[in-house]
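Here's the structure we're looking at; comments come further down.
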């Protein structure tokens, strides 16, 4: 395979990028001069130099100190240690931080478990989560909040991960919850699906 | 104004119909023969002959018995009299019935109260609702569920109508609730708005 | 069938209206008072009183004079009698008038001929068109412009109607043309389909 | 700026990529192992090793022979030397080739000239085009076809580039044309814009 097609193929692995857009990226690289190419490749190769994954939350973070094991959020003593929120990926975590509505800690599962997959630990960080719960149970952890997307994979991931940590939660008397389901902003009753109506009724509040 | 424009203007009042579509409707009527026009006008003029509004729920219903005051749902003795759901309009009620998730009674408010409107009773059936609560309080009513759309008008309507019925609810010891807010089917955390995240957190459940 | 469903069914025949929207229309009629219903049915029944179809162009037009046989555009002596444009329906004609780019006469075919239909005269006004060409040939007609939509039905209708009038056009030495094909406003070369590229090349101009 | 943000910023320059998607790309790179990163950076740095720009058409092409100056299309003796098509970019050229409707030669302008820009030669390869016309005039060139997108920038680019090459075209008696304008595939008359109707009328054909 020639260099054009090799680069095109690698770009197709980028999230959300199909062959046509990958081709546009290659032409973009061809038009750019050597300086940009070098800056880009340097940035790619240096990316992990100071970026590492938090040993507790598995969030990626930047630090020039090679001995730093924890992301700023994990180390922040002003965050509420009694709450631990389970998210699928870093960009979910970032959107929740942007909302400014949550002040506890996080754990990044690293993916979802597709329906029918029998071994969730192959897809998401179940063992790492258990280890963290053991540790956090000594630091005042009272509630684990599952915050996965409201779709079949997200729901299945919540179910199997919950089961996996249930014994630990019981042992340390930690509550397990998940994000409320119901009407999201803008939902009109006239067009709501059956599942949303069921959840909105079930979790109605005063 | 000539007949073409008069009919076009009347069609523009139809829900969701702009001037272009209204014009298409007029051309459609022009192409149709006299039989269809007569069937349509007969159907319009006869519509209310056997359709009336339920004296309790204000739902429209069909009955050939002119002494019938109640819609089938209002009369149905298998429905749960302890629950009363407040909806904006008949089509909302129908979508909730289609979901099969609710077995109580209904009340159709007949609209929403726009923000800043100070006299909600001009826009929605507040007095009729109070009268129904008085009556239903003697028949076992325990909870009133507000089921309006999750948008500013729906939220404001819920707020002002709640206030209006609060004294009655207290008097008869009736709980007031509203549909749960949170993630609706398909919501992805990465793209959720701040309000949905706040509600999903606030109404998280085990 | 009761009156509600009867009216709903009739509304479903309106162009572009499905069962859900038809139901919304019925609820709209139920909420409206008797005055609106009467205005609407009057407007429907009176629609054809002063609206008639032009005996030349078959365009619908309004006139209080029952002896008037021609639409304003057909009788307008300032329009160019050497050009006759063939359109599918009144709304196409109106959009072309809105553009202000055409100053000739029109003929409304009244529909399109679906592919495989062998008898176009059953679907569109072929005989009426021939009669008009005979007449207009004495009034200076020099060119007939086919202005149908750029889709299979439009193209097939153009083909079969052209064939049907070809002998007449030859007899009276009238040119037959059709609207130019190529790039419409906003077309990007990168995303153009094969047929558009072929036409744009074939009909390139200086 | 740290490595995360540096890479994010460089990705934002990719065509069609905003800050959110650029961030997703960075997280994607973080999750990928060193092998992928190295394959990607190698592919980027090697991209231009065997890719070069045709000295005639300025199309990018692959060749392992460093003495090869012309792209396959430019050197193909079966292509029609009497036609030269001017396109904005390589992906336009490729889409036209995919259509199989054109058999002449190409010239890639390398961009468009924004409205109000007074010095087109700063944005597109005007001088290179003139040089090619001089050369091709000796090889039978008879027509130059402008094939830019049907939008304001494309039209302005056509206008100013045409002006720039007009004296040469006259000198060598070369015709200048542009792609046909009119109804593109699927255009419906009822919804056409004024400019499309004007062009479709102006460029109507028999």
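All chains are identified by letter, namely A, B, C and D, in their written order; residue positions are counted from 1 within each chain.
The rule we apply is simple: a residue touches a chain if its C-beta (ideal position, glycine included) is under 8 Å from a C-beta of that chain, and two chains touch if they have at least 3 such contacts.
Everything numeric in this text was worked out from a predicted model, so none of it was measured.
> Copies subunit A and subunit D touch; is their interface built from the same residue numbers (over half shared) or different ones?
Over half of the interface numbering overlaps between copies: same.
> List the centre-to-centre spacing of subunit B and subunit D in whole Å, with centres computed as mean CA coordinates.
The answer is 56 Å.
> Please tell me the distance, in whole Å, between the geometric centres of subunit A and subunit B computed from their C-alpha atoms.
So the centroids are 39 Å from each other.
> Show the residues in subunit A shared as contacts by 2 or more other chains, in ascending order.
In subunit A, 89, 91 touch at least two other chains.
> Pick one for the touching-chains graph, please: line, ring, star, complete, other.
Its topology is that of a ring.
> For this structure, give each pair of chains that are touching.
Applying the touch rule to all chain pairs gives A-B, A-D, B-C, C-D.
> Give every residue of subunit D touching subunit A within the complex, in rising order.
2-4, 6-7, 10, 13-16, 21, 23-30, 34, 36-41, 43-51, 60, 62, 89-91, 110
> Where on subunit D does subunit C make contact in their complex?
Subunit D residues touching subunit C: 87-89, 91-92, 95-96, 98-102, 145, 147-151, 175-206.
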